């Protein structure tokens, strides 16, 4: 063959998506439906690389050897957007496909904890309010109303997007309840971030790998432990686990989707506009997404939480118009 | 007889006791050895049985017989113009739900697999005439029902199973689809064919690269290389490569094949190349041992009647060493077939529902498929994971068995 | 053949040499002041010797004295030992066999070798014999090859025993038959010299007798050199005997003289069993 | 010691046996109609022999005739070969050594063995000698052991050469010293019989001479049986010689008779070098 | 002319060269042989055939390989000169993307265009590719003819064709064996470059001796200084791979080897040995699954039962235990080899002194085989610390410095997988740390292997 290395080469008749392991089950489900609805199309390839890893691949360039879609369990970062542009990925379409609940759960035989972001922060922070290492041993140490069971939390590892969500949605909220922290935020953004989101590393919080099934198992075996993971896992394992309320709100489908439950975060897919023409079926794939993200659609059956109506409308509009993301809104 | 001699009194009590003690310790030592063998074997047996115990169920699936009256259902299908597209547009999922509800009750929609409608689709496609009739189709049960029927599930599912069982609607049979389908999101519908084909293609690439290079290297080092710094370095590199952690080969594949050479991601080609680098040293080492075990007298004999060194090797040494080389190759290939870590680095950790058509198509392999499934949300995947493990183990055991057979058969003493 | 005829001459001081008195012989190979080193270690310390067509030459000496080493210099089998280095001159029909222009492969076809342990190829009897002629292109048609195989096996005294099972494996023969097969294999490429390194030491008495008889028959047609640790065998099969000790050629001469009337003390001690 | 004194008697028909005429000897071991099989193959075909205290007995015969095999039946070393099977009776001081009640461990301590290739353990010289006494509990204090080590090394004629380096490795000695170390090791457990399987065949002439001298000195203190392929050596060290051929004991008698006046044709042919 | 066609043509030429050269050599040789001189004929006719065929194929093939790399550049030059190229954007990246696409379409590798601009370049590309393709093919054919003709003229009865052909065979073999070095260099290069970037952000001293591993801190902009102390990972790796796994594998492996080689009946050995070897053939992902789902929960329950505090279900013990089992055959085959390498005469010597079998084994065989066994164990350790899937699935991620086998620890390989497959940022120290860890792992296993192989080799030589 006369083909040289480098540059664009080769053809592709399959959609390629990379990215978040949280979005992975939904993206694969859509892929399956896409094939069933479009006979003759090849099944899309969905890779589970983690949000950041996916962004890196996604932003590497335009062309057949680069993925068409990045799945993300958080919004694209400014730095990522710039990297994309630098590599010629100029027109990016951002679509929010739904919401993921960051669920807190315990074993069916657990003590039935009732938490608030403040309690969670004080129990898990490495350095609560910048006042020195966390000494809390049991939940009672944090809040006298709680039982004296030792703190033991299985949660996402520092390398996952779910961990970012935990930091952003719960820990920072809890941290901000202290006015001093609000002040710090204005003064020194970096230090604020570190104080509010860094998790203790003395074994009370256990990094628990990608394999959420294992967390479920561990919780079953240890009634005093708390688990933090995607809402879908809670949904799937309702028979052995029960949810832990935050601010008195139970993690149910409704509370998560309306955003009442604090641990809710948006899920996105990012698409290269330049690929819409060249990759057969890409538009249809997006349409399949749009057709299934309703509250009683197929995705919610798989544990995803539908986005609020307004967001869904806007996303559906984006799928149709292929409006391009404005990088200036990103952080 | 000399006087200074102190004859040992072997018959004294002390000596007898001492000997008894020595024999006791001998027995203990021997028992410890036997225990070690037994423990190792027991562990293997435990592993295999636990995989079999979990996995055999993965080869079966539960089906629910449902009576379908197509004429009464709101299907927008023209029996004379059945095309794939028409079927895809025919709103079959809804129809299936309605049909199931009608046949089994209001809460029964959850009992069948979300992809059960594909069964209807295939039935219609096979024989459009059934659109005018009432037929009984067997729909795959949903995971919860499937689990409850085969072992124990949630109380609701158990109740449903009891009801269905009583009505005689439930059957559990071998799931041939598991061997012919590919990855999917519904555990009752997934199969290993895609991953298996990926493994096959990857192994082909690995074999095509590592075997010739490995054998050539072994021949060169064992037969021709003079001892010098270059051959020393080669030798050290090879022995070292044989022991380099496989994940490092993954890093190498990522940097060189993907980032530098821009070969396609997730492809059997890159997987095979990465594994070939790993397998080659194994073949070299096995090859060298096999070549070494060809007695020098054969070489002498050939040289002695005027064969050139190249002729000696290609006419005599290689044919005699071949069984040994093959044994080593099979073992190396078996190891490559079970390898996971390096392939995670080069993009094979992916959902790929279309079996690869060639070595540059995206593919995954059996062990990575196992890893992916072990991570799935749905609990129906537990038994599928074990079932896939059984398939992989059967292959590996077969390969190892062939290697052992070859070794025993051709092991010869000159 | 461009053989040289010349009278036996007195050899180096190291080797006490007595000329075979009776007749002029056709000298086939000559060695002059040959030294062999294995790395640092010197295994042969300046040996000069002539090998002729009409007499069987025997090398005797205690274990490790260098008999095999010297024998292997004669067809450059020592080339295969990485550490071995040869000095001095060895000629075959007057041509220096260590000259760069000498093709080793051809040399080895001309100077055949039979080893201590019979080493037939693990192929059929036929293929064992045919291998040499094949690689040297001595036969073009199958019929030619058949002729060569039969002739070689006949000369090796094996034809009658194996003619009905030419396609059985060579390794299935008895030890003595295997050794004769190896001799036949060497003969098949029409060598001029045959070197034998203790060809009978792994064989039983009857097989030994057969090989000795064969050597008698081959004598004259090929120049034959035989290494043996069995002095009686040397006495029976050879006309010239060279006695080696510690890498030196101690004495070389007519076999009957060496055994009945050795001139050197060391030879005498060895022959009477004082060492070895 | 429960030794038996009895006159030499005529042995089995297979072995032509001449009684040592001169004196009555203390018979240490007897073998009667011993047959040894390796799997299907019979290596020893009914051998009967007596070994006594005062004479060194030599076994000679061509390679593979079963000398080593027979020697190893005498201390049941053949037990370690899975395929080997022994029939017949062998006694030590009148006790059947193959009786179930016989303890092999004791037997081997009483019947020591020295091998063809010196095989010191890769330990210090001291530890090599001390090994046997230690495992058999023959010494309780370090001082006892020191005495045993010195005595054994002296008897093995090695003391003067190694007394300053008892803690050097035994494998660092020269071949002849190693072999004497092995003899010393065997002596250290106070055996009654010492079996030697070609103890000098891997040694140079000077080391050989030393071992032969040592055998002379040990004679009388231990019953000694030596296998050798060197007939001159048999003539030098032994008073009784047994000639084996194809697993049979062809002739057994006073050494000088065997060599000068063999009664069997086969013995004569062998001694004059017709085969082997 | 297309690639496959020209290759086919060349192959045909090669075949013709082989046949004709062989025929010629045969003719010349029978004439020479008739003259009677034995050395008038050197090589078999087949070798002459190969000689000429190789001269026909190799230079032309090499030329084509070079051409395949040079021609695209020339083609691009050509296309850039065409009028259609004037409208290309100035920015280098998008320009080459468009050019690449146009080429892909022109060669039929791609159906549609991602970029409308490339459509216009397809025609110029087609023309240029056609031109250069033709030129390349013509040159290759000329070379093939020239090479073949030159070689053909050298066919004479005494021409040493065999020597020449064999020299090429030798060169090929040498090149094959160099591949091992190239691979090693590739590994080193790919690790070194990224590690170098990592160490420009994090000091090697902090990395190698820091006791705190917390990539989250780095990600949070907390500074890299106390975030990448790899000691807890090293400890976890050693704890699982070199301590717990070896505590399982050495006794079981060594005793199994001893039993099977010294005591077992041949039939028992014949069956048991392959059965134990199967343990090494089970894929590590299966072990990992087994460790995580079966062994770990059981161990945790056990630990809780006996009242151990802080028992985690991702325990070092679960991973180490299973890894140890995986290594058993490795240790036992090394021990087997080492014991077998102790000369039989040692064993005979000891037995002949009246030692029992176990005394012989313990006092003579094992001490004599010790260097080999130690070398084998080192190799097994190097294998255990590089093992990935078991620890990824069963060992956990908590970078603890603990001696409690029921606690969770993490290992170097686990972290490599985590760092490279989790959420990562570009060029952050977090991602690059994976390569630095890889480099450390590589160096350690390299050293272990060199030492072990030295030990084993020395020891083997001692008995040769």
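Letters A, B, C, D and E name the chains as they come in the text, with residue numbers starting at 1 for each one.
Here is the rule we go by: a residue touches a chain if its C-beta (ideal position, glycine included) is under 8 Å from a C-beta of that chain, and two chains touch if they have at least 3 such contacts.
Please read all numbers here as calculations on a predicted model, not as lab measurements.
Note on connectivity: the fewest chain-to-chain touch steps from chain D to chain E number 1. If you take chain C and chain E together, the chains in touch with both are B, D. Ranked by how far their CA centres sit from the centre of chain D, the chains are topped by A.
Note: the chain lying farthest from chain C is A, by mean C-alpha position. Chain centres defined as mean CA positions place E nearest to the mean of all protein CA atoms. Rotation angle, chain C onto chain D, C-alpha superposition: 175 degrees, expressed as a multiple of 5.
Centre-to-centre separation between chain B and chain E, using Cα means, comes to 20 Å.
Each chain gets a centre from the mean of its Cα atoms; for chain B and chain D, those two points are 59 Å apart. Distance between chain centres (mean CA atoms), chain C to chain D: 38 Å. Residue positions 22, 308, 349, 374 of chain B each touch two or more of the other chains.
The set of chain A residues touching two or more other chains comprises 6, 10, 48-49, 210-211. Multi-chain contact residues of chain D, defined as those touching 2 or more other chains: 105-106, 109, 135-136, 189. Pairs of chains that satisfy the touch definition comprise A-B, A-E, B-C, B-D, B-E, C-D, C-E, D-E. The touching residues of chain D, counted against chain B in their complex, run 1, 103, 105-106, 109-110, 135-138, 189-190, 220-221. Those residues of chain E that touch chain B in the shared complex are 162-163, 166, 169-170, 172-174, 176-181, 183-184, 186-187, 190-191, 193-194, 251-256, 258-260, 262-264, 270, 272, 274-279, 281-290, 292, 294, 325, 328, 356-359, 361-362, 379, 382-383, 385-389, 392-393, 413, 416-417, 420-421, 434-435, 438, 441-442, 445-446, 448-450, 453. Every residue of chain B that touches chain E in the complex is listed here, in rising order: 22-23, 25-26, 29-30, 32-37, 39-41, 43-44, 47, 50-51, 212-213, 216-217, 219-221, 224-225, 233-234, 236-241, 243-249, 251-252, 254-256, 277, 280-281, 284, 308-310, 331, 334-335, 337-341, 344-345, 349, 367-368, 370-371, 374, 385, 389, 392-393, 396-397, 399-401, 404, 408. Chain B makes touch with chain C in their complex at residues 226-227, 295, 297-308, 311, 315-316, 320. Taken together, the chain E residues at the contact with chain C in this complex read 29-30, 38-39, 41-42, 44-45, 160, 162.
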